[in-house]
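In this document, chain identifiers A, B, C and D correspond to the written order of the chains, with residue numbering beginning at 1 in each.
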Amino acid sequence: MLEVKEIHSYYGTSHILFGISFGVKEGEAVCLLGRNGAGKTTTFRSIIGLTPPKSGSIQFRGKEIIGKPPYRIAQMGIGYVPDTRRIFPDLTVRQNILVARREHKGAIWDLDRIYSLFPKLQSLETHMGTQLSGGEQQMLTVARTLMTNPELLLLDEPGEGLAPLVIKTMEQQLGEIKKLGLTMLICEHNVGLAINLSDRAYVMDKGMIHFQGTIDELKKHEEVRKKYLMV
Amino acid sequence: MEDHHIEGKDSWIKRGWWLILLIIASFLAPTVLSEFYLSVLCEALVMSLMALSFNFLFGYMGQLSFGQAAFYGLGGYTVAMLLTKAHFNFWLSIVAAVLVAALVGLVVGIFCVRLRGIYFAILTLAFGQLIFTIVFKWHNFTGGDDGIQGVFPPELLKSPIAYYYFILLVFLVSAFILWKIIHSPFGHTVVAMRENSERTEFLGIHIAKYQLIAFVIAAAFCGLAGAIWVPFYRSVAPSYLTWIKSGEPVMAAILGGPPIFLGPILGMFVMTFFHAWVLGFTVYWPVVMGALILAIIFFLPGGILGFAQEKVRQRKERNHQLQKK
Amino acid sequence: MLLETQEISKEFGKLRAVSRVSLGISKGDIHAIIGPNGAGKSTYFNLITGYHRATSGRVLFKGKEITGLPAYRRCRLGITRSFQITSIYPKLTVYESVLMALLSQRKVTLTFFSPAKKFFREEVWGILEDVGLADQASTLGDSISHGDKKRLELAVTLGTEPELLLLDEPTCGMSLEETEVIMGLIKKLSVERGLTILFTEHDMSVVFGIARRISVLHQGALIADGSPEEVRASEEVQKVYLGGST
Amino acid sequence: MSFDVLFSQFMSGIARGALLFLVASGLSLTFGVLRVLNFAHGSLYMLGAFLSYSIWKFLLMPVLGFYLAAVIAALIMGGVGMIIEFGLLRRLYARGWPEQLLATYAIILIITDLVKWAWGGEFLSIPRPRPFTGAVFLFGFPFPSYNFFIIILGLGLVVFLWWLVYKTRLGDIIRAAAQDREMVSALGIPIPWLFTWIFVLGAAIAGLSGAVTAPFGSVALGMDIEIIIECFAVVVIGGMGSLPGTLLGAFIVGQVYAFGILFKPELALAFIFMVMAVVLIIRPWGIFGRPER
């Protein structure tokens, strides 16, 4: 579904990604693990087109997407959930969700469905984006992206800065989304949530992929865990 | 570091030869130029001084002032009024003009340095326009729309050639002083504020204070530029303070290359001589200038010198890579 | 006590980022502040360096109250910080960046006519040698590697000749080798320059490797404070923090 | 000073404020969404005024001519706006703001010369259109009824913009894009398209406001600079990119101007700047503005 090949990305003049390659198949959940600064966020920004790679190739459903503006890539079916959440502070919760709505055939998400998945958001409907707690903001970000009816969901650090109990709830909700058949790419430096949700894992450090395999393989591979993940 | 220092001294003569040649050429200029082009050269030098002082704020401190014409005009008006109304000494009038510009710069600066980026540009523009309006509307004091005519330099500088040498000297000394300031610890701080003002604040620098000092210095040199121009042109008018005038140094700096000391001078020379040439066959100079600005923005990002530097750097890199291979 | 915070709190609207934290940092110590993301570490740092002003409580440095002082004044008193996201001068060379700090610290920034490059050669080279950046002195800040940027930031903070150095995640985003180099450097600086160091860190191996004292923040409040052994043994800490990450 | 003088100055201040709002709202909207400060906004206003004059002359319709001319001028200016955004600004979004600023400055120079070439340097004027030729009595004092036309138009624009920005989905997108355009783009909303239409809207409003000033008898070169400086004062006082801020700023500047003229006509602008200075000392980012990032 998504095929990333040998991409090199730069942030200003600094070289961040050094030939990253990986793939995500339809219906699976894959995680990118690695410490802060390993290049995970840049990888996501490269996919969605916010930091287009200088070389390499990214194909989504067989079509090259490097060079397309972010809104075109999003319209093709990639939904991006950024790590800093980026709620629109001047909009209410409801407006934050509705602003992303995009009608197309096969659209499955609407306000009702979002509210049944995240009942908390319904009760906060008229609050401003900034009045929410961290966990609520995270739900809202996910909800907002779901409204675009993506086929592939990029989740950047969905558990970042959340209390353990909230992370559990988040994990459960993401699990339900996964059951609906949505393909997911998750990145995390805090290994728990991503591992529980994912089928396969890639481990990144310093802009390179150092390990790839199933979750079980990763669990067995103590050296990789020690060296790159510090667990 | 020792090595570096010696190498620096050695190559100074090597690298500076063209500058020395230019200065010698500028001293010889009156012998070859017609009176018309000599006056264009005078204007280019005066405006270059204005552009240098503007670029001290823009290229080095990273703040775009769209109100420098106000200080230029104030310098001009101070000299004009002191000479025609108070019959003041010429040299003291010049000094007074610089002081007036610096003082007004201080007052305006106190408000402006609180802001950054585009907000700073708007506010300087607004204050510049305010000063323009006051000068324009205060008819019985400033002559309003008519300006002030009959501003004469002293006997010594009566001839255009003598006055040209005066302008040249003031320009060279001022440019040297600005160059020294830019390379002093103060200048280093100014550049650091441009690069990362938060970091600099956490190194113990009171940002607003340093910005204010730089603003006053720039205002003073702009005032000086206006002050030496008016006795040459024999008159001053409110158009000296308009934002069209303020736009000229902005454009010169971007045309020449803002991060380079000589950039705005080159830009101003190109503009002034181009202007003189264009006026030969059309009065629609602004439209030409507008088109020129757009052309530079689109085709010469980084300005003339910036573009040239980039080309040289690319060639060096290529040679370097070839050598490696 | 070199630095003391007495019951300081910081509120952002309804959110209480730091809640009545009282803590003393003694001279010459290497003191770590740990806690999960969002525990208030960064805000606590900002209260000490003057980036934010405390909603209530007091900050004392060498016994003098500095609660209301702006950042540049605190820096002049001897408190310097590094940033989690490296904050360097992209278009200044490594040498010039460190020079900037020294110019500011030695109060010569209002000198207008002598060349800046003539000042403090020895001191700048000394610092560059210390942090191992001497061979990159004339490289621009944005063209050195990530690890070197972190080192450069440390070098710049040293240029202000601080007594108290606050490091926000000094090994963030570094490889293992780079991390070890930085850890050694921090230890060395603490001994040779007599620095007091307060730092935050995610990487527990760094924390337990060099900290002589550890304070744990959780949801803005101080929940533990003591030697590494004590903190490791604390049940509450195990529960909120160490337990959560494994 | 008697009540009738004060009241009449107040009302003329309201009218002036309404006109300022007409012009400044477009400037503020463009800045709020595109983050480009359009120096040439005043020039669009001036061009709108000159265009409406010529269209009015061409139409030769006694009653409807003025209104029709104003609408056509606004539409043409919308088109000009599209050319500017599409041809110039779009290529500069990735560059620094100084270059964007200089580009709009270049547009000023070009439009000024264009107007000089096409219409010359004379003062032009359109007679007040019916039914706003006479005076209206308010508490027994007469006021030019055309002022009320401007006030009604200003209020109409307030309502329209408020509805657009706060009550429609497009408004949600506008506010979201003003905050975080990258994120909006990542949600699949075509930002370039949004930018073009916002700029077109701003230009059309500028053209319309230029057209409706023609009956004040002040269509002339230099009207662009005069209005843009006051608009800067409005947005600096109210807060850049804020609709309520622009409204409040326009009201304040209108009043200060009206009473300033009463006090000392030469320094009316100076009073505006004094108010601006006071606001800046207390809130450097304007009354309704947000601190810069």
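Here, a residue touches a chain if its C-beta (ideal position, glycine included) is under 8 Å from a C-beta of that chain, and two chains touch if they have at least 3 such contacts.
Remember, predicted model here, so these are calculated numbers, not experimental data.
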Steps needed, at minimum, to go from chain A to chain C via contacts: 1
Chain whose Cα centroid lies at the greatest distance from that of chain C: D
B-D compared against A-D, more contacting pairs: B-D
Chain centre separation (chain B, chain D; CA means) in Å: 33
Approximate Å spacing (C-alpha centroids) for the pair chain A, chain D: 43
Between chain B and chain A, distance of the C-alpha-averaged centres to the nearest whole Å: 51
Centroid spacing, where centroids are CA-atom means, of chain B and chain C in whole angstrom: 42
Multi-partner residues of chain A (at least 2 other chains): none
Contacts with two or more other chains, residues of chain C listed in rising order: 90
Junction residues of chain B, two or more chains touched: none
Chain contact topology (line, ring, star, complete or other): ring
Inter-chain touch pairs (all): A-C, A-D, B-C, B-D
Partner chain B, residues of chain C touching it in the complex: 49, 70-73, 75-76, 80-81, 83, 87-92, 96, 99-101, 103-105, 108-117, 119, 121, 125, 138, 156, 159-160
Chain A residues touching chain C - in the complex, by the definition given at the top: 12-14, 35-38, 130-131, 134, 160-164, 190, 205-206, 227, 230-231
For the chain A and chain D complex, residues of the former touching the latter: 48-50, 69-71, 74-75, 80, 82, 86, 88-91, 95-96, 98-102, 144-145, 148
Residues of chain D defined as touching chain B within the complex: 37, 88, 91-92, 95, 97-99, 101-103, 105-110, 112-114, 116-117, 225, 229, 232-233, 235-236, 240, 265-267, 269-270, 273, 276-277, 280-281, 284-285, 292
Residue ranges of chain C touching chain A (in the complex, touch as defined): 13-14, 36-38, 90, 142-143, 146, 169, 172-176, 202-205, 219, 244-246
